[in-house]
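Reviewing the structure listed below.
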Amino acid sequence: MEKTLAKDIGFWVMLGIGLAVMFIGPMVWGLFEIMQITQYVVLSVYALSLAYIWGFGGILSFGQAAFFGLGAYTFAVASINIGETTVPFALSFLLPAAFGAALGYFMFYGRLSDVYLGVVTMVVTLIFWKLINHTAGPEYSIGAARLGGFNGIPSIPILNVPGDAKAWLDPAQMFQAFMGILIIVYLCLRLIIASDFGRVSVGIRENETRASLLGYDIRRHKVIIFAIGSGIAGMSGAMWATYQTFIDPNAFSMEMSAKALVWVMAGGVGTLAGPILAVILLQWLSLKLGTMHILNNYFILGAILMGLVLLLPRGLLPSLRLLAERLWHLGRQKMDASAASRKATSDV
Amino acid sequence: MSDAHILTTEKLVMQFGGVTAVDNVDFSLKEGELRCLLGPNGAGKSTFFKCLTGQLTPTSGTIKLRGADITGWNTHDIVNLGVGIKTQVPNLFNGISVYENIRMAARRKHLKPMAKEKAEQMMEKCGVSHLARREVGLLAHGQRQLVELAMVLAEEPPLVLLDEPAAGMTGDERDRLADLVLETARSAAVIVVEHDMAFIRRIAKFVTVFNRGAIFREAMIDEILSDRAVQEIYLGKQADVAA
Amino acid sequence: MDYVLIIVIEMLRAISWLVLLASGLAIIFGMMRVINFAHGEFLMLGGYITIMSHNAGVNLWIAMLVLAPLCVGIFGILVERFIIRFLYGRILDSLLATWGLSLLMVGGVTLVFGNTVQGVSTPLGGVSIGAYQVPFYNFVLIGFAAVLMLAIWSVLKFTKAGLIARATMQNPDMAETLGIRTSWVYMATFGIGSAVTGLAGGLLAPLTGVVPSMGVNFVGQSFITVITGGASMIAGTLSASTLLGTISQGMTFLTGPVYGDAALLLTALVLLRVLPQGITGRIFKKSL
C-alpha cells in the first residue's frame, strides 16, 4: 500500500548511474574531464541542499549561498589551522547546520511569511558577503588562517585520507570521494523523505493548519529541515574549497544563491534527480556561452531565472514528463482514431 | 468538583477590530458529554472552536482543558493535550492519498506497525477504505469530510470538535456519520456544530444555542426546538421559507 | 554643544537615507505585498540616468530630480506590464522573477557601460557648525525625505487617486466590484514606487558614484527597513527608518560602517521574532 523506496524504479536507476559513474568514470575519462565533472558533482550536492528544503519542506531560501560560503570558509580556516581535513570537513557540515538552526529559530518561531523569509535569507547572505569582503587586513585572522577579504584564502589543503594527513587524494580519487558523497547525500535525503519525518514535511507543505491540528510542531519541523539543508550546503562549500584549493567572498555572492534556485527550478521543485541534471546541463551551457565572451554570467543567469518563472514554472523534468504524457495520449488517440477510421473505411 | 469538566471557558472574548465574534462566553462540558452547538451563520461557533484549538488567541478570558489553563497555547500543544477538530472546511493534505492522510494522524499516537493497522481500521470505520489510494484533493466534499473525521478519530482525543460534519454528505454517509458520532461519544466528549435538524435530532440531547457571539440558550433539544425565541433567531427563517 | 548638533544631524541624515532608500519599495509592498527584488538595480538605474545625462550636459538637478524618477518610473511600468502582471497571486514567483530581473540588469548595464565607477562631485559644498564642517547636501537629503513622506501622505489622504489606492490596499476584490480597475492601480503603484526609487538613486549618485553592482550595497538596508516597518507605507517606513537609522548610525559611531548592516539585521530579526508582521502589523495598525 505504501510506496516504499525499495519499489521506486527511479531511485534504483539514479543509484545505478551514480555508482557506474563513480567506478567507471576514472577509467574512461582524462584528467581534464575528471576535473570538470568533479565540479558538477560538488555543485550537485549544493543543488540538492536547496532541492530538499524547497521541494520537500516548502522553504524557499534566497540565501543558500550563505551556508555554502560558511561551509567553505569553515573548512578553509579549520584545515589550515589543524593541518588535516577530516575534522574540518565534519565542521563544515556542523557549523552551517547550527547557524541554519539558529536563523531558522528566528524565522520559523516568528512565523514569518514567505515573502519575509525570502527577504531575510537574502539579506543574511548579503551581510556575510559584505563582512567577509571587509576582512582584507592582517588583523582579520583566525589562528594561522588569514581571511584575506576580497583576495580570498589561497592554498587550502587538498582532502586527505581520514587519519593520514599526508595521504592527499589525487584528482581521480577526489572525484570518486565526491561522487561517493553525492550518492550518500542523495540516499540519505531519499531515506529522510520516505521516513515519517519526511511524510510530515510533505504534509506541512500541503497544509500547515492540518499538520498543527494533528499536533505536529511545524516550527520545530521546519527548523530541522532548514538545518539539514544548511549543513549539506555547507559541506558542498567545503568540497568546493578543497577542489579549488582557494575560496573568495564570491562563495557568498548573489550569483551563488541564484544558481541554486535556477538549478532547482529548472530541474523541477519536488524532485532530487532533476536539479542534478540541471546542474550538469546549465553548467555545461554556461561554460560554452562563457567562452564566447559576449554575455556575462549575471545576464545569462537572470535571463534563465526569469524565463523559467514565466514560461516553465514546473521545471524541466516535470514539464518533460507532462509533455511525454500528453504526446503518449495524443499518440494513442491518433491510433485509436486511425483504427476507427480504418474500420469505418472497411465498412464502406 | 471542577475536574468532572473536560472543558470550561470563562468570560471568553474574541474581537476582530471592532467586531466581537465571541462575546463573554462561559461554557462548560463534562467528560464524555455529547453537546450540539446551534446558531445562525455568523453566530461565532467556528470562531469559538478556533479559540479552543489555539488557532486564534482570544482577546480576553480563559480556557481550561482538564484543569490546565490553555489560553494562548500553541495549537499543537493543545492538540497534544487531547483535542481533535474537524474544521468547517476540511483541512487535508490534498496532494497525498487518503491512507497517507489518515496514517499521518494515526502515527501521532501509535508506533509504526500499529499506525498502519489503526489507519486501516479508521478507514473501514468511516467507510473510506475503497478510496485508500485516491488523492484527497480529488474527492467529493462529503468524502473529504469522512476522511477528516477518520483523521480526528485516529488520534483518539478525549475532546472531539466537529464543525458542520454532515455538510455535503449523501444520505448514507449522513447515517454512517450519526452512528460514528454516537459511538465516539461513548469514549470521548464531543461538541458538534450542525445546521441539519434531522441530523441533530438523531444525535443531540443537551444543546447550546449561540447568537451574535454569545450563548443564547442552553437546554435539552426538545425544549430548544419548541422555544419561540430560538425559532425566531434561527429556525424562524427556515419556518418562513417552509411556509 | 556643536558636537551634539553634529550627531543629531548625522542621525537625521541616516534616518532620511533609509526613508529615501525604502519608500519606493514600501509603496509597492504596501499595495501589492510584493517585494521587488530588483530594487537595488532600480536605484542603480536612477543613478546611471543622473550621471549619464549630466555628462551629456544636462543640469545635475534636473537630471537628478526629473529625469531619473521619470525614466525609472516608465521602466517600472514596463516591468509591471511585461513581468509582474502575470505573477499576481504567485508571490514567491514574483520574487524569483524580480530577482532574475535584478541579475539581468546588473549584467545588462555591465555590458553597456562596463564595470567601472563613474561619478560627479557632490554639489553645494559645506556648512560650518562650530569647528565642524557638514556637507550641505546632507540637508538636501533630510529635506527630500521629509517632502517625500509628506507628499505620499497627502496624496493618500486627500486625493481621489489616494482613496482608490487605499481601497485597493484594504480589499482588492471589493475595490474591483466597485468598478476600480485594480490592474491599473497596480500598474500605477509599481510605476510610482519605481519613480520614487529612481529619485533616491538620483540623489545618491553624487555621493557614491555609480557602478553596475552598486545595488547590492543598498538592498539590504532597504529590505530590512520595509519588512521591519510592515505593510503601512508611511507609518511603517518612518518608524522602521527611525529605529534602524538610529541603531546603524550608533553602531557606525562605535565600530565603523561594516557592522552597521549586521546590527540592522540582528535588530530586525529580534523584532520580527516578537512582531512577525513588522512594527505596523501590531502597532499603528490603522495608519497609512
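Residue numbering begins at 1 within each chain, and the chains themselves are lettered A, B and C in the order written.
Throughout what follows, a contact is a pair of C-beta atoms (placed from the backbone, for glycine too) under 8 Å apart; a residue touches a chain by one contact, two chains touch by 3 or more.
Note that the coordinates shown come from a computational prediction; the quantities given were computed from them, not determined experimentally.
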Reaching chain B from chain A through chains that touch each other, fewest steps: 1
Chain of greatest Cα-centre distance to chain B: C
Chain whose Cα centroid lies nearest the overall Cα centroid: A
Separation of mean Cα positions, chain B and chain A [Å, integer]: 43
Chain A-chain C separation of Cα centroids, rounded to whole Å: 33
Chain B-chain C separation of Cα centroids, rounded to whole Å: 48
In the complex with chain B, residue positions of chain A that touch it: 1-2, 196, 199-200, 202-203, 206-207, 209-218
Complex contact set, residues of chain A against chain C: 60, 62, 103, 106-107, 109-116, 118-120, 122-124, 126-127, 129-131, 134, 254-255, 258, 261, 265, 295-310, 313
Contact set on chain C toward chain A in their complex: 33-35, 37, 83, 86-87, 90-93, 95-97, 99-108, 110-111, 216-217, 219-220, 223-224, 226-227, 258-259, 261-262, 265, 268-270, 272-274, 276
List of chain B residues in touch with chain A within their complex: 53, 55, 74-76, 79-80, 84-85, 87, 91-96, 99-100, 103-105, 107-108, 112, 116, 132-133, 151, 155
